[in-house]
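In what follows, chain A forms one complex with chain B and a second complex with chain C.
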Partner chain A sequence: MTALLTVDRVVKRYGGLAAVDGVSFTLGAGDVLGLIGPNGSGKTTLLGILAGTHDPTSGTVTLDGRVCSGRGAHRAVHAGIARTFQTTRLFGGWTLREALRLARRENRRPADVASDERIAALLALDGLLDRPCTSLTSAAQRLAMIALALATGPRVLLLDEPAVGMDTAESAALARAVRDVADDLGVAVVVVDHNMHFLMPLADSVLVMASGTVLATGTPAQIRADEAVIASYLGET
Partner chain B sequence: MRASPLVRHGAVAAGLVALSVVAYLLLAGVQGDRGQVVLLVVVWTIALTGLNLIMGLGGYPSLAHVAFFAGGAYLSAYFLERGWPMALGAALAVGLTMLGGLVVALVFSRTRGQYFAIGTMFCTAVVYLVLTNATGFTGGPNGKPVDLGFSMTATLVLLAASVGLGLGAFYVLARTRFGDRLRAIREDEDLARHVGVPTARVKLVAMVLSSGFGAWAGVLFAQYNGVIAPSQFTFVQSFLMLVAIGLGGAGRLLAPLVGSAIVIGFTQLIKLGPGVSQIVLGVLFILVTLLVPGGVLGGLAQLARRLRRTPPAAETERSTPVRVKEAAS
Partner chain C sequence: MTQVLVDGIFLGCLFAVVAVGLTLVYGVMEVPNFAHAGIIVLAAYTTWSVSQAGAPFVLAALAGIACGGAVSVLTEVLAYRWIIERPAAAPAVALGLLLILQNVALRLYGGAGRSLDTPYDTVLLRFGGVTLPGVKAALIVLAVASLGALHLLLTRTSLGRAMRAVAQDREAAGMLGIPMRRQYMLAFLIAGLLGGVAAIAYAPTFQISPYMADEVLLSAFVVVVLGGLGSVWGAVTGGLLLGIVQGFGAAYVSSAYQSAFGLLVLVLILVLRPDGLRSTNARRVA
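After this line comes the complex of A and B, so read on.
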C-alpha cells in the first residue's frame, strides 16, 4: 500500500535554531500516529508545517503524490490536511453549526464530508450544534475545534494536545472519538499529547521527537520499551 | 416567531426604498446649513457602506477610506474638465480609485490591527499631500470648482438611489459566503485560513469593493457641492469615518447611516469650536466602544432582545455572551 501522507526530510529554522530538523515519516489512511517529545522538541512546529501554517525551510510534505507544503494553510486544507491548535480557537460568538457551515463551504469535496449531525455524534457534541461556541465547556470547545477540522473533509487530521484540560473520562471519550474518525471516515490522524494513558492505547504507531529530530518510531509497545526514549522523555514524566 | 426569510428580505427592501425616497425629499427640500448636513449624511452613508464591509464585517480599520472618497471626487472633476462625458468620467474615476484600492490592499495585505490602521492612514496622508501640492491637477490647497456633469436633479436622484442601492448591496453581500468569510476573518483570521478561507483574496476583494463605494460617493459629492478642496479629505475625516462605523455598530446594515448622522450632526450642527467636537466625538467613541461594543445599533438590538425575551426561556440563554454577527438591524 502506498502511503497517504509522506513527510520527507522536513526542516524548519528560526534564525539559528532548527525547531524541526530533518523529520521524515509516512502515514496511511485510517492510521493514528502518536507524536510525543519533551516541550520545545518541535511537535507543534511540525504540525504547523504539515498544515501549511508555516513554510518549511526545506523538505516536502506530499499528500497522495502531490506536494502540499509551503503553499499556505488554506491550500493545505483544500488538499485535505486539517489541524487543531494547542490553545482553543473557535469563532467566538458563532454557533458550532455556523462554523461547520463555513468550513464545509470552503471545502472542495463536499460529498466526502460527514453531516453536522454525524460529526457532532462522533464527538459526543449532540445537541450543542446551535449554541454559541463560547457557551460550551472547555472540554466541549476542544471537541468543537476537532469538529470544525472534520467539517473541512480532511484526509489527514492533526491534533495538537487535544486532551489538554480534560479529565480521565473526557479524554477516554476523546480517544474513542479519534479512533472512530480514523476507522469510520478513513482519516489519517496525528495526535500530539503528553498524556500517555490517553495516547498509547489510541495510537497505532508512535513517533518520538527530541530537539527537532526523530528519536524513535515504533508501536506503542516498542516505544515503551525503548531505553533512549525512557531516558529522554518517558522517564521524566 | 421569526418571519420567514422572504418576508424579511422584502421588508428590508421596502425599508431601503423608503429610505431613498426620504433622502431625496430631504436633499431637495432642505436648504442652507441644514441642507449641507443632509448632503454630508447622505454622501457619508454611501461611502461608509463600503467601509462597513472591510471594517464592519472584516474587522480591518481602514483609515484610507477618505483617500478613495477624494479619488472619486478629484478624478471625476479632472475628466470633466477635459471635456469627457460625465458617465465615462465617473466610471473611470471609480475604476481608477478601485485600482488604487487594490494597490493599498496588496501593500498592506500582511499587516493587521493597528499596523493596518497606521499603514492606511499613511495613504490618506500621501493623498492629502498630493491634493495640496500637485497644484496643476488639483488646484492646490484652495481646491477647485467642479463642472456640472450631471444635472442637479440627476445628482439628487443618484445620491438618494445610491443610499438605498448601496445598503441593499451590503445586505446581500453580508448574507453570501463572502460575508461569512469576512466575519470569520474578523473573529480569527488564522483559524479562518485553517478551515480553508483564502483570507488574502477575501480581504483584497473587500478592500477593492470598499474603495468603489468611497469613490462613487466622492463623484456625487463633487457634483453636488460644486467645489472640492483638500480640507474636505483630511486624515481627521478618515478618522471620523472610522468613528462613525464604530458608533453606528460595525457590521450592521444601518451603521453607516446612524454613524454618519451622529458624526456629521456633531461636527456640523453643534458648533463647539474648532477641534472640540472632534474631541467630544473621540471621547464618545471610546465610551461607546467600552460600554456598548456593538455600537448604537448593537446596543438597541440587545435591548430589544432583552425586552422580547420571555422569562422561562431566558434562563438558559442569559449566561451566554451576546455576540452580534447578523448584519441586519
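After this line comes the complex of A and C, so read on.
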C-alpha cells in the first residue's frame, strides 16, 4: 500500500536552533500515529509544518503524491490536512452547526465530507449541534473542535494534545471517537499527547521525538520497551 | 429638545458609518486604520470632480463610493498586508498612509475648500417643530441603508460569516480553510465603501478639503473604543450615543466643547466598562 502522507527529511530552523531537524515518516489512510516526546522536542512545530502554518526550512510534506507544505494554513486544509489546537478554539456565540457550515463551505470537495449528523455521531456529540459552543462542557468543546476539522473533509487529521484537561472517562471516550474517525472515514490521524494511558492504546504506531529528531518509531509495545525512550522520556515505571 | 436629538442622531449616524469601517478592519486585521480619513477625502474629491464634469449626482456619488472601496483595498494590498506579522508597525504605517492620501488630494485638488452640490440641497423637511435639511436626512437614510446591508452580509452570507470567524480567532478560522487574504481584502473593501458613503453623505454639510475627515476620524475612534474594539454593533450604538451626547452638550452647555463631551464619555466608559459597551474579543484583552 502506498502511503497517504509522506514526510521527507523536514527541517525547521529558527536562527541557529533547529526545532525540527530532519524528521521523516509515512502514514497510511486510517492509521493513527502517536507523536510523543519531551517539551521542546519539536512536536508542535512539526504539527505546524504539516498544517501549513510554518514553512519548513527544507524537506517536504507530500499528500497523495502532491507536495503540500509551505503554502499557508488554508491551502493545507484545502489539500486535506486539518488540525486542532492545544487550547480550545471555537467561535463563541455560534452553534456547532453554524460553525460546521462555515467549515464546509470553505472546502472544495463537499461531496466527500461526512454530514453534520454523521460527524456528531462519530464524536458522541449527538443532540448538541444546535447548542451554542460556549454552553458545551470543556470535553465536548474539544470534541467540537475535532468536528470542525472533520467538516473540512480532511484526509489527514492533526490533533494537538486533544486529551489535555480530560478525566479518565472523557479521554477514553475521546480515544474511541478518534479510532472511529480513523476507521469509518479512513482519515489518517496524528495525535500529540503526553497522556500515555490515552495515547498508547489508541495509536497504531508511535514516533518519539527528542531535540527535533526522531528518537524511535515502532508499535506502542516496542516503544514502551525501548531503553532510549525510557531514559529520555517515559521514565521507569 | 427634539431638534437637538435629531441633530445628535445625524451626527451619530455619521460617526457610526465611519466607525464601523474602522472596527471591521481592526477586528479582522488589528490595524488602527488612520488612513480611513484619507479614503473619505479621496472619495469626496472624486464625487466632486465627476459631478463638476457634468455627470448626474447619483453617478458622481457611485464613483466616489467606488473610489473609496478601491483606494482602501489598495492600502491593504500595498501596505498593511506586508506588516501583518508585525502589529507594532501598524499605527506608523497607518499614519504614513494617511499623510500620503491627504497629500495626493492636496496635489490633485489644492488646499482650497470645495463645496459639493447635491440635488437635495434646498430640501428642508419639517415635522412638528423639527426641521431637517435634505443633506442631513440623506445621510441618515444612507447610513441606515448601508449598515443594514452590512448586517445582512455579516449574518446571512458565508463570506460574512467567514469575516466574523476571522475577527473572533484568526488561527481557528485558518483551521477551517478560510483564506485570510481574501478576508482582509473584503474587510478593507467594505470599510472603503462605507468611507465613500460617509464622504458623499457628509461632504455636502461641510466642505471638501484634504483635512475634512480628521475630526470625524477622531470621534470615530472614540466610538470604536466605546463600542468595544472589533464589535460592529458596538460601533453603531457607540456612534449614536456619542452623536447624541455631543449634540446635547453643544446645545445646552457650549458648542466649543462639542468634541470634549465625546472624550468625557470615553473616559467614563473606560473607567466603568474597560472592554467597551459590547466587546466581542475577549482574546484581545490580555
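Miscellaneous remarks
To be clear about the criterion, the second predicted complex is superposed on the first by the 235 of 237 C-alpha atoms of A that agree within 3 Å, B and C clash if a C-alpha of one lies under 4 Å from a C-alpha of the other, contacts with A are read in each partner's own complex, and residues count from 1 in each chain.
Everything that follows uses one rule, which is that contacts are C-beta pairs under 8 Å (C-beta built on N, C-alpha and C of every residue); 3 or more make two chains touch, one makes a residue touch a chain.
The structure presented is a predicted model; accordingly, all values stated were derived computationally and were not measured.
Model built by superposing both complexes on chain A: chain B and chain C clash. When the two structures are aligned on the shared chain, A:Ala82 is found in touch with chain B and with chain C. Of the two partner chains placed by superposition, chain B and chain C are both touched by A:His74. Contacts of A:Leu148 after superposition: both chain B and chain C are touched. Residue contacts after overlaying the shared chain place A:Gly92 against chain B and chain C alike.
When both complexes are overlaid on chain A, the residue A:Val187 reaches neither chain B nor chain C. Residues 51, 53, 72-74, 77-78, 82-83, 85, 89-92, 98-99, 101-103, 105-107, 148-149, 151-152 of chain A lie in contact with chain B in one complex and with chain C in the other. Every residue of chain C that touches chain A in the complex is listed here, in rising order: 158, 161-162, 164-165, 168-169, 171-172, 174-180, 280, 282. Those residues of chain A whose C-beta lies close enough to touch chain C in the complex are 51, 53, 72-74, 77-78, 82-85, 89-92, 98-99, 101-103, 105-107, 148-149, 151-152.
Chain B makes touch with chain A in their complex at residues 177, 180-181, 183-184, 187-188, 190-199, 319-321, 323-325. On the chain A side of its complex with chain B, the touching residues are 51, 53, 72-74, 77-78, 82-83, 85, 89-94, 98-99, 101-103, 105-107, 131-132, 134-135, 148-149, 151-152.
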